[in-house]
Amino acid sequence: MSRIGVFVCHCGENISRTVDVEQVAKAAGEIPGVAYSCDYKYMCSDPGQTLLKKAVAEHKLDGVLVAACSPRMHEKTFRKAAEAAGLNPYLCEMANIREHCSWVHEDRGMATAKAKDIVKLMVERVRKGKSLAPITVPVTKRALVIGGGIAGIQAALDIADAGHKVVLVERDPSIGGHMAQLSETFPTLDCSQCIMTPKMVDVANHPNITLFTYSEIEKVEGYIGNFQVTVKHKARSVDEKKCTGCGVCMTKCPKKKIPNEFDQGHGMRPAIYVPFPQAVPNTPVIDRENCTMFQSGKCGVCAKVCGPGAVDYEQKDTFTVEDVGAIVVATGFKLYTIDRKPEGSPIQGYGEFGYGTIPDIIDGMTFERLASASGPTGGKILRPSDGKEPKQVVFIQCVGSRAREKGISYCSKVCCMYTAKHTMLYHHKVHDGQAYVFFMDARTPGKGYDEFWRRAVEEEEAVYIRGMVSRMYQRGDKIVVMGSDIQVGTQVEIEADLVVLATAVQPQDGADLLAQKLGISYDKYNFYSEAHAKLKPVECATAGIYLAGACQGPKDIPDTVSQASAAAAKVMTLFAKDQLERDPVVAKVNEKYCVGCFACKKVCAYGAIEEKEIRDRQGNLVKKVAYVNPGVCGGCGTCQATCPSKSIELDGYTDEQIMAMIEAL
Amino acid sequence: MHAETKQHDFEPKIVAFVCTWCTYAGADLAGTSRMQYPSNVRVLKFPCTGRIDPVFILRAFQKGADGVLVSGCHPGDCHYMAGNFHARRRFAAFRALLSFVGVDLNRLQFSWVSAAEGGKWVDVVTELTERVRTMGPMPEFKELEHEEQWSTFAGASADKVLNSPELKEAYDSIG
Amino acid sequence: MTPGKKRLSYSYYPGCSLHASGREYDISTRALFKALNVGLKEVPDWFCCGATPAHNVDELLSLSLCAKNLSLAEEVEGDLAVACAACFSRLKTTQHHLKEDDTKRKQVEVAIDGPAAINKPVKHILEILAREFGLARLEESVKKPLLGLKVASYYGCLLTRPPEVPELDDCEDPSIMEDLLRALGAEPVKWSHRMECCGANFTLSRPGVVLKLSNAILESARIAGADCIMVACPLCHGNLDIRQKEIKEAYGAPDSTLFGNIFGSELRGGSAPDQRDVPIFYVTQLAALAMGVASESLGFESVITDPKPLLRDKQLL
Amino acid sequence: MNAKASKTHVTCIEPAYYEAITEAIRKEAVQILKDETVVGVVGYLPGRRKGTASPALVTTAEEAGKLIFSPACVNNLSVYLTKAKKGVLKKGKVGIVAKGCDMRALAGLITESQLQREELFIIGVVCPGVYGFGAERTGTLTEANIARKCRECSVHLPDGADVAAGTHTELADLTPEEAEEMARIEAMPQAERWAFWKEHFSRCIRCMACRQVCPFCYCEQCLCDKNRPQAVESSPRPAGNMAWHLVRAMHLAGRCGGCAECERVCPMDIPLNLLNRRMAKELKELYDFEAGLNPVEKGPLNQYKEDDDQSFIK
Amino acid sequence: MKNKLMHLSNETMNVGFVKKVEALSGSSVRRCFQCGKCSAGCPMSAFMEHPPNRVVRLLQLGQGQRILAGRSIWYCASCETCTTRCPNKVDLAAIMDALRKLSWDADGPSKESYVQLANRLFIENIRTYGRQYELRLGAAFNMKSGQFLKDLMLGPKLISKGKLKMFHSKNKNIADIEGIFKRIEEMRKKGEAL
């Protein structure tokens, strides 16, 4: 490269405030091989890009460096601009003088010096860069959706309706997720099951959807357009094909007193069960840990009463491999509990609330079940300890959430609204009861949300107390709640019959393990990370994997459904083409020098390296060398670092580029 | 975050070899969060710590780095599944070698910094910079760069050997 | 270390109160350790730890006093045993701060003109009994189990708070005292006020505060059906024991105050408030009693709210 | 040839011991050439000067009858299969005389796909040791003239060979000079260690004999000869020398079987095997791996465990 | 004073004072988001004109003088409940210590004199005797506070129970204590410690 153009961006004042951009541009112009340099207010703007394109043409540039923000932000933008100007996009690089320089240093002199150095390094990278041609790979037009809550259901239906095949995998025996557990939903107070169950049935009946419940993701291989996903089908002990869903087994099962997870442990179910009457599929599953047959080998009642002979105690876990082109992750959330946490856990419990040992302190989801017509109390608000109707109910918001001392500093987003809803449901059901809410802030952005909250306060007579609760303890059959009202400036003590905690929304158990299988990143709470907080909110950094719902962060139903449809749209965009162009950052073998020690093959996590035989014209084997399948190569470059003779090289990160940068230090 | 800029006698040269998915993004986060750290570090982006060859570290020291940082994804978080695991073994071995030939390992730092750990990036960079600052410039490799083979012959400096009358005569005669 | 093999031995920091108003704590601690064959050697020439007044107005002074005591304790072999909850809290807090904060450590080292012994292990008597000596061994050593004695164990503020500093037990839901009581054969009662403040050092300046707070604690213990309260702090003991009569005088009449109204649903409905005497025991007194140590050597004569009737009633004397 | 049965410790090893091995090698080599099991045998022939031996490829039974084994058979012959006599493997199976340390190289080369076990007929030697560099060649091996690497040899028995010649005999009471030297260097202050190696490396003339003789330096183009980019300066200057030896030690880590040929052939007496020994020790400690004990699927630096030590990483 | 109009400006917000509090306590003041949990659990809240959360609020607004003028800080029992339960790791107990020290240094503008007096006597006792001398502490307090009859009946009873000693001996190494006090005073004079 001998005619490089360097474009230094002010980023408004973001860069120029601490970096003397003119000096940086001037210094860049003095680097041998730099044919043009300038600075400009906003390089990413339309005029900025035009400036770049013009300069490429006018100065016959054969390489471009834009010194601006992080390449994670605008590399694509400028590569596109360079391409439009007739340059190979991979000859355009970015020098990060914003995130890595102007924003983190205050001394103008030092920051400018650093920016010059960064530019100098990156000019070397451009100089040694090579034109690369994109690689095309075929796309399997079949999607995998992980999680069968409202997010997964919505995404699956949208993709299936667009005419593509979808595999929906759910860990529990039925789809439906948390939304199926809710009684009524804010801000309209419509019945959750009434709007949810039709969608569940749609999933079951959709010709394009293959539904695997009671199944988990075992292994994920491949890459965008070409994933191979191993699904583990846990032994249901009931043959789904034979079962008619008549339910006789459940009524005859002698073991009936098992706390029902769906009712948060407050209702009972038999050992062979469907989680709730509207479950999809309506095929029961045997809870082997609680089944007498599995524990002692004696019983077998369900098998005897099953007409079609669907009960199969010998069933084993099975595995299938699904070829898919895109993956939507919609694993949802779980609720924080105030229980004492195991030692070493970054999350803490609430000892001041009794670590979950006081029976009439319940969480919001339990309250949903109490309020639900299909719940354990048939929709009557009765407290767990003695089944009495509570006359004084205290709701506490931000339990776990916004409490960095407990290990969670984020806002769970949905609690303000559902607590307001709870006070209304309570007031509707217990007319002479009084609801109190301890809260810090009422966060109600959303269509009709603030009006909903104000209704709870003004019409449904909930007493909102701005302040938190310091301690709760049992006194007789009451719970003494010691709080404060910071507006009045006094302590408040309430003798409550029932306390409902709006506990934090956390990612599902095992979210981190799934992320590791998928190769996607997650934050310190195990929420999955989107590729860009604003511009790529549903994509993962790993191509071909998309996020929907609360697995990415706390979300209410409307947001979840929107995101699910957005993820589905992204999948459809991907499926709109038969071939996929992918980043050509892949390894290549120099067959002349490769001696076939296959160290590269041993370290390749993708299995992208094969053994290739080199033969002479007579067909005699000359030697064996390594060969990289460019479609499979992930582009990590571990092979190159391992190769003793450097006969394998990663395009875009060649030794020549890196060494040149080090030389320029 | 208005740390006063202090004047130091010695500004060490710190080179960071980082993976683009975790540490680079973590450093970006430090930027978007407007955290402050010493400006001595120069970041070289790699797709993965698995790509980082020990030769690069060696070369960086030769080219005047006073401290080197290698940073990537936490175990299990590698974007390429296992690159950081391979890197971990490679650098464990390389450290042992450097230590054996007498390189002070306080100048070579390894870390896992995720995309979410802007604060950790700041801590790691600040700590290494300040540690190296107190250690002073790294003389070993730099000295080597300027030494010639003959310089170690007893009693004769490179200058003397090169400027001896005999040699001069010989050169002249080549004409 | 296998319990039972090596003789435990400790250096001992009694603190000012144990040489004065809390002398029975000191006496019973020594008697108990002797009975358990655990060594206890008092740190010579120790100083006051500064207690709450020092750190209230001058943290550096407080840290320096404690650091000085810690270095004095270095001279005596064995981990440092502390009986007074306040001294314990101050010594542990000092170590915590000096470990975390280099600037403070340097200042303190200038003040005491020497290095601060931040690593000398500091152990509360409770910890020594329940963990190091061990509950199982303690149970084995019981000669006279405290059968039928319902005890409200009172932790107060400083034994477990703030989190991470005393390292004694869970800061909101500790169980070390209850575990100990069970090992001694007594019956720990469940009650609500085991970690509420008694008013502490306001006993001198604002006794009214103490009366109010300590009254709540006594009430709660009575409601829970406790015969007595067990404490591990001479200040708490002072407030609950010495001022018990005053409290009764101040809060005795039913519903005479606002607070009388609030405490205890059982109290409402016109019935006269429970006015039982609630003897206050030190943990070491009860433990020593169970070990069969003669009651005469446990300092019961120094206690204001006479515990003897209760002990006689339970056939423990 | 029941080598494993017993082990004898002696103060010197008489020529008779080597003669017995020589006989056994000749017998085996003649046999396999005659029955065409192999197309040739790589072994040692007597050198031109007395008390020396030189490596040779013999292809006839007659020549095979001249093969010898003596303390002068210092060379690691495996290098002949990947470099000097590489072509012979194309013709068919090859026999090779291998001491324990040579066996380790063979195992490593098989691991790295450079050799196939089925292409080889290995005549293993139960080797009590060979001469050290510059030692007096009396025909008898003693504590005084044994090579440094042999003093702490752990592979006297050629495990995995097709046949083995010799009975297990070792010299008694050998001081582990190399281990002591390594410990001495490790105990030095950091600056002194640097000075030690700097002095040694600065003498290097980059003759590349170490590379030439190394069974594992089989690359067709050495990284250090590459000039685009030039990772290691190729002229014999101190900076490039240091880099070259460090890169070589890194490349051999987890592979080097400790034959110490590099050190033997170094004209400037640089203790190169110490570097390799140090790396071997580290990999043994960290990952419980010893190179070349038998062919394996992956070397220690080509694999990982999720719970590998990472105490050095923040 | 409590409800007086608050003018907020760069001049009226004493940020320097807040910085001092933060330095002494090692705890951030800005971190508090006013959830009120400290006040909810404070045993002494009822005695304070500014409950704990408002003390922090006033600091956030740079109104240290309002705090020092009141008696809230002197009614803190240092029970650490607030620090233990704060969801934001605000070490309020340490902030209270810092505020008391600053009030003390400013020679106590607060109305609350009894607690300050008790503290002063307690520390004087340490300096003079090395250990606490409870009888003297009580007697001196009553003398200086003018409450000659306070706990009148309690004293003799305690003496008879052996709980108060009539005489007290000084520590042998009392000079060491004096040294500590002196060196701290010197450090402060030189500005080496707060």
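Chains here go by letter, A, B, C, D and E, matching the order in which they are written, and residues are numbered from 1 within each.
Definition applied: contacts are C-beta pairs under 8 Å (C-beta built on N, C-alpha and C of every residue); 3 or more make two chains touch, one makes a residue touch a chain.
Predicted model, so just to flag it, every value in this text is computed and none were measured.
K.L.:
Spell out the chains that contact subunit B while also contacting subunit C.
P.N.:
A
K.L.:
Counting one step per pair of touching chains, how few steps separate subunit A from subunit C?
P.N.:
Minimal hop count between subunit A and subunit C: 1.
K.L.:
When you take the mean of every protein CA atom shown, which chain's own CA mean is nearest to it?
P.N.:
A
K.L.:
Suppose chain centres are the mean of their C-alpha atoms. Which chain sits farthest from subunit D?
P.N.:
So the chain farthest away from subunit D turns out to be E.
K.L.:
CA centre of subunit A versus CA centre of subunit E: separation in Å?
P.N.:
Distance between chain centres, rounded to whole Å: 49 Å.
K.L.:
Measuring centre to centre with CA averages, how many angstrom lie between subunit B and subunit E?
P.N.:
51
K.L.:
Mind checking the centre-to-centre distance between subunit C and subunit D? Centres are C-alpha means, answer in whole Å.
P.N.:
About 72 Å separates the centre of subunit C from that of subunit D.
K.L.:
Could you tell me the distance, in whole angstrom, between the mean C-alpha positions of subunit C and subunit E?
P.N.:
23
K.L.:
Listing for subunit C: what residues touch at least two other chains?
P.N.:
Within subunit C, the residues that touch at least two other chains are 171-172.
K.L.:
Provide the list of subunit D residues touching at least two other chains, using ranges where the numbers run on.
P.N.:
Residues 223, 231, 301-303.
K.L.:
Can you list the residues of subunit A that touch 2 or more other chains?
P.N.:
Only 352, 603, 642, 655, 658-659 qualify.
K.L.:
So, with touch as defined above, which chain pairs make the list?
P.N.:
Once each pair is checked, the touching ones are A-B, A-C, A-D, A-E, B-D, C-E.
K.L.:
In their complex, what parts of subunit E are in touch with subunit C?
P.N.:
Spelled out, the residues of subunit E in touch with subunit C are 24, 26, 43-44, 47, 75, 77-81, 83-84, 91, 93-94, 96-98, 100-101, 104, 114-119, 122-123, 125-126, 130-132, 134, 137-138, 141, 150-151, 154, 157-158, 161-165, 171-173, 176-177, 179-181, 183-184, 187, 192-194.
K.L.:
Across the complex, what residues on subunit A touch subunit B?
P.N.:
Residues 70-72, 96, 98-101, 103-107, 110-111, 113-114, 117-118, 121, 512, 516, 519, 521-524, 529, 541-542, 585, 603, 605-606, 634-638, 640-642, 650, 652-653, 655, 658-659, 661-663, 665.
K.L.:
Mind pulling up the subunit C residues that touch subunit A in the complex?
P.N.:
For subunit C paired with subunit A, touching residues are 170-173, 192, 262, 264-266.
K.L.:
Tell me, which parts of subunit A touch subunit C in their complex?
P.N.:
The contact residues of subunit A facing subunit C are 340, 350-352, 354-355, 473-476, 478, 480, 493, 495.
K.L.:
Quick check on the complex: what are the subunit D residues that touch subunit B?
P.N.:
Within the complex, subunit D contacts subunit B at residues 185-186, 188, 190-199, 202-203, 205, 223, 231-232, 236-239, 242-243, 246-247, 249-250, 253-254, 275, 278-279, 282-283, 286-287, 300-306, 308-310, 312-314.
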